[in-house]
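Labels A, B and C are assigned to the chains in the order they are written; within every chain, residues are numbered from 1.
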Amino acid sequence: MKKKIKIGKIFGLIFAVLFVAILVFPFYWQLISSFKDPEDLMMMPTEIWPSRFSLDFFKNVFSVHHFDTFLKNSIIVSGFSMLFSILVALPAAYAFTRIRFSGYKFWKNFMLLANMFPIIAVVTPLFVVFKKLHLVNTYAGLIIPTIVITLPLSIWTLVAFLGQIPYDLEQAAQIDGCTRLQAVCKVILPLMTPGLFSTAIIAFITAWNELMFSLVFVTKNEWRTVPVGITLFVGEFTVPWGDMAAASICATVPIVIVVLICQKQIVAGLTAGAVKG
Amino acid sequence: MKTKRLNPGARENIIGYSLIAPAVILILLIGIVPIFNTFSYSLQNYVLSKPKDRGFVGLENYVYLLTQDKYFLISLWNTLRFAFFSVILQLVVGFIGAMLMHKATKGVTLVRAAVLIPWAIPGVIVAQMWSFMFNDQLGVLNQILMNLGIIQENITWLADSFWAFVAVVLTDTWKQFPFVALMLLAGLQTIPHELYESAEVDGAGKIRQFVSITLPNIKPILLVVLLFRTMGALRIFDIVYSMTGGGPANSTTTLLLQAYNYFFKDLNYGKGSAMSTIIFIIIMIMSVIYIKVFRSDED
Amino acid sequence: MKKLLAILLASAMMASLAACGENSDPAESTPTGSSEKEPVTITFFGGVDNTGTIGERIELFEEQYDWITVDYQEFSGNSDDRKKTIINSLQAGDDELDVFLCDTIWVSQFAAAGWLTDVTEELNAVKDQHLAGPLSTCMYDNTAYAMPVYSDAGVLLYRSDIIETPPTTWDELVAMCKEHVGKDGIEYGYVFQAKQTEAIVCNMLEFIKQNGGNDVVDGEVVIDSDETREAFQFVLDMIDDGIAPEGVLTHIPDDTRVIFEGGKALFSRNWPYAYSTAQTEGGDSKIAGKVGIAPLPVGPNGEDSSATLGGWNMAASAYTDQPEASKLFLEFMSGEEAQKIMVLGDATFPTVASLYEDEEVLEKLPFMEELKPVLDAAKPRPQVSDYSAISTVMQVDMHTILTKEISVDEGVTKLAQDMKDIIAEMG
C-alpha cells in the first residue's frame, strides 16, 4: 500500500514537472532571445542556450522605442480600469446575489451583451462620439471603453465568489444588531478578499491586453499603451524580434508585481475565512 | 450554500436597482449603443468608398453572407471547431494548473505569478513569438525535434492545414489558460477542507470526491470561465491574423477575420457589420445554452 | 420581453443621435488668404522614423516655411495597422489629421470615399520630374489625390561572392541553384515570400508577368493563360526540387531576409530594403559585403523583367483645416531635396528621376543606376476601384494552388473566375 502511494507520487511529480516545463518553455525562449547578442539571435541552427549575453535589445526598447512612456500609460489605464470596474461591480454583484429585485436575472445576463460583440465593429461609431466629447487622446478616453470590457467579467466573477459565501453569516450579523452595510463590511468583505483580489488581477490583466481601442482612440505618441507601442516596433518590412522579445519581458514585470502584492491579500483572506468560518 | 430568497418588495427593488445602476448605465452607453449603430449599418449598403450608393437594403447583406460569400461557411466551421478545441484544452490545462498550485506548498506565490505571465503578454506578441517558434528555418521547435531525433528535416508547420490549426489552438491555449487556472484556483480555495475529510472518513475515493464535492462547489466559477472563454474564442482574431493570415489555402480563416477584411480592407461597413452581428448571435446562442445547462440542475 | 424592447428602442435612439455627426461634408478648401501668414500647425501621420530622416526632412521644411509647424506622429510600419487608425480618423471627419503617408494601394479607395484633397494642380506642375509608375499610383479618375514620396519594386539579391553575373532567365537561375546548393553553406537556391497575405500577391504577380502574363488589362481579367499556369508550375517545381524551401509558403519579407542574411540561400527576391540590411555588419547579416542586386529574371515566355510596384505617397485629408500648409508640405516631401535626404538615409527608391543620376547618391548607392530600369518597368497591382477585395481572392486562390489543394490548371481557372466575379460586383 505504501509503495503504491510512493510510485503514484513520483509519477505525479514527474507529470507536474513536465507539465510546468512545457508551459514555461515559450516564456523561457522569449527570455533567452531577449538577452541574446543581436548577432546571434537569427543564428541557424538556433542556440537553445546562448553562448554570450547582451543587453542591447533592452537598451533599444527604452532608448529607441520609448517603452517607458507606454508602460506608464498602460499602468495608469489598467490600474484605473481595474479600480473603477471593481468599485462599480461590487455593489452590482452584491445586488445580483443577495437581493431578489424584479428582473435581476435579466440584468445579470444583460451585462454580458457588451462582451459578445466584436470590438472591431464598434470602434468606428464610438470614435465619432469620443471625438465630439474630446475624449480622443486622453486617459479617460482609454479607461472608459476598457471598463466596459472588464466590467461584465468582474461582475460575473464576483457573483460566483459571493455565491460561495453562506447568506446565514450575514443574517447572523444582522441579528446581532449590525446594519446591512455593516454586515457586508465586517463579515462579507473579509471573506470575499481572495475572490476580490482574484477579480482585481483578472480585470487588470484584461485591461492590460486591450488593443483595439488604444489603437484607434490614440493618435499621439505620448498616449500609447504597451500593446499598441509594441506594434510601433514593426517597420514596413522589418520585424525586430529581439526588441519585441525584450519589450514583452518588460511588459510582464508590472503584472508580476501586481500579482505578488495581491497574493498576500489572497492568502490573508483565506486564513481570516478559516478562523471565522 | 444557497442564498435565501426574500419576498420581492419595493424596498428590495429600489436597493437592487440603485446598486446596479452605475454598471447598467456604463454598459448601456458605451457597450450597447454602438451595437445598435453597427446593427443599423448592417441593414445598409454602406461602403465607405462608395458614399453615393449608401442606402437601406434590408437583409441583403445577411443574405449575401449566408448564400454568396465564398468564405463564410469555412470561416464559420473554423471558428466553431477552434472555439471547441481551444476552450476544452484551456479548461484541462487550466484545471491541472490550478490543482498543482492548490496542492503545492512551497514557492506557491512565485509559481502563481509565473503562471499568469503568458496572459500578461499582449496577444500580438504572443502570436509573433509562437509563429517564430513554429518557423520552418528559424524556429526552435524544429530544432528541438531534430536534436531529439524525432524528425530528420525541417517541417513547415504553418503550411499544413492540420498543423496550422493545431498551432493556432496551442497558441491561444497558452495565452489564455492562466485565466482559467486563476479562476479555478480561487474556486478550489473556497471549498472547506472538512468536506474532503468527512468524505475520506466515509470511504469515498478520489474520483467520487471530485464528482460530489469539487465539481458542485466550483460550478458557479466554471460557468464564468466557460462563458467568457467561449465568448473570447469565438471572437478569435489576432492570433490567426498574424500567425497564418487565414492560410494555408484559407484553412484557418475565422468569422472575425472575414469581418475584419470587410471593415478595414474593403471599407465595406455594411457587410462587416452584418458579419459582426452574426458573430454576436452565435455567441448569444452559446451563452444562453451555457446558462440554461448550468441553471437547470441548480434549481 | 417588453422591457428588452424598451431598452432596445431607447438605445437605438441614442445610436441615431450618435450617428448624426458622421455625414458632415469635408471642409471646403478655403485658402487662408492672409498674406502675413499666421503661424499654423499641421499634423502628419507617418511611419516609424527609424533612421531619423523623417525628422530631418521636417526640420528642413520648417526652416523654409517658418510659419508652419509639423506635428509628426509615428505609427506602426505595418500598413494594415496604420490603415485602421487613419480610416477611423477620416471616417469621423477628424480635422486634426492633416497629411499622412498613404500606401499606394489605398489611394483609389480613399479618393473614392472623398477623403483626399485634390492635388492635380500641384502634381501637374512637377509631373515631368517623377517616374511614370509611381505617378500612376497617385491618380484616381483622372485626378491626382496624392504625391509620390518613395517607390518600391521587387529585386533579386544574390551572393556576389559566389555568382559573378546574376541570372537573367529562370533557366539560368535554376542551373546556378543546382550547381551551388549544398556547397559553401548554401542550403537553398531561391527564397521568396508566399504567405497568404499581400506577400503572395506581390510575388506571384511578378512570376506571372516575368513570363509574359498579366492580371487585369483595361478592366478585363486576363490572368487565365498558359503563361500564368507555367509560372505557378515553375514555383511548384522549385519547391519540389528543393531549390526553394517549402517554408516560403509561410514567409513574409523579413523571414526571407533573415534566411538570406544567414548565408543559407543563394538568391532571394525581396524589396530593396533587404539589400542595405544585408550589407550592414553587426546585425543579423553574416554576408555583409557579399551581396549583389539585380532585376528579377524572366521566364521562357517573358521579355522584360517585371517587378511589382510598391511604395508610399503623401496625401492630404479632405477634412484638413490647413489646406494651404498641407499642400506645401506634400510638395516639399515629394520634391527632390527631401527625397535626396530620404534616399541617402534609408536607401529607398526615390520617385524623382534625376536622383538616379545624382553624383552623391550614386557614390553612396552605386546600384541605383542599374535599378532605375527595374523601377521604370515595375508594374502596379491591378488598378481597379476596389483593389483590396480582389487582393483577398488572389491571396486565397494563389495559396490554394501553391499548397496543392487544387491542380494548377483548375486553380488558375478558379482564380480568374473569382477575380471576374469581384470586378463584376464592383460594377
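One rule holds for everything that comes next: a residue touches a chain if its C-beta (ideal position, glycine included) is under 8 Å from a C-beta of that chain, and two chains touch if they have at least 3 such contacts.
Keep in mind the model is a prediction, meaning the values are calculated, not measured.
Asks: Applying the contact rule given earlier, which two chains have the most C-beta pairs between them?
Replies: So the chains sharing the most C-beta contacts are A-B.
Asks: Starting from the Cα centroid of chain A, hunt down the chain whose centroid lies farthest away.
Replies: C
Asks: Centroid of chain A to centroid of chain B, CA atoms only: how many Å?
Replies: Their C-alpha centroids are separated by 15 Å.
Asks: Taking each chain's centre as the mean of its CA atoms, how far is chain A from chain C in angstrom?
Replies: 38
Asks: Would you pick out the residues of chain B that each touch at least 2 other chains?
Replies: In chain B, 32-35, 37, 137-138, 264 touch at least two other chains.
Asks: Name the residues of chain C that each touch 2 or more other chains.
Replies: Within chain C, the residues that touch at least two other chains are 15, 18-19, 84, 87, 91, 258-259, 264.
Asks: Would you please write down the residue numbers of chain A that are in contact with two or more other chains?
Replies: In chain A, the residues touching two or more other chains are 42, 44, 124-125, 129, 231, 239.
Asks: Write out the stretch or stretches of chain A touching chain B in their complex.
Replies: These residues of chain A touch chain B: 16, 19-20, 23-24, 26-27, 29-30, 42, 44-46, 48, 88-89, 91-92, 94-102, 104, 107, 109-122, 124-126, 129, 144-145, 147-148, 151-153, 155-157, 159-161, 163-164, 166-167, 171, 194-195, 198, 201-202, 205, 208-209, 211, 226-227, 230-231, 239, 241, 244-245, 247-248, 251-252, 255-256, 259-260, 263, 266-267, 270, 273, 277.
Asks: Which stretch or stretches of chain A touch chain C in the complex?
Replies: My answer: residues 38-39, 41-44, 64, 103, 106, 123-125, 127-129, 131-132, 136, 215-216, 219-221, 231-239.
Asks: Residue numbers of chain C touching chain B in their complex, please.
Replies: 7-8, 11-12, 14-16, 18-19, 80, 83-84, 87, 91, 108-110, 112-114, 195-197, 245-247, 249-250, 255, 258-259, 264, 385-386, 388-389, 391-393, 395-396, 399-400, 403, 405, 418
Asks: Note which residues of chain B are touching chain C in the complex, please.
Replies: Result: residues 28-29, 32-37, 40, 48-51, 70-71, 135-138, 154, 156-159, 161, 244-250, 261, 264-267 of chain B touch chain C.
Asks: Hey, which residues of chain C end up touching chain A in the complex?
Replies: 3-4, 15, 18-19, 21-22, 43, 45, 47-48, 50, 73-79, 81, 84-85, 87-89, 91-92, 94, 96-97, 252-254, 257-259, 261-262, 264, 271, 273-274, 277, 282-284
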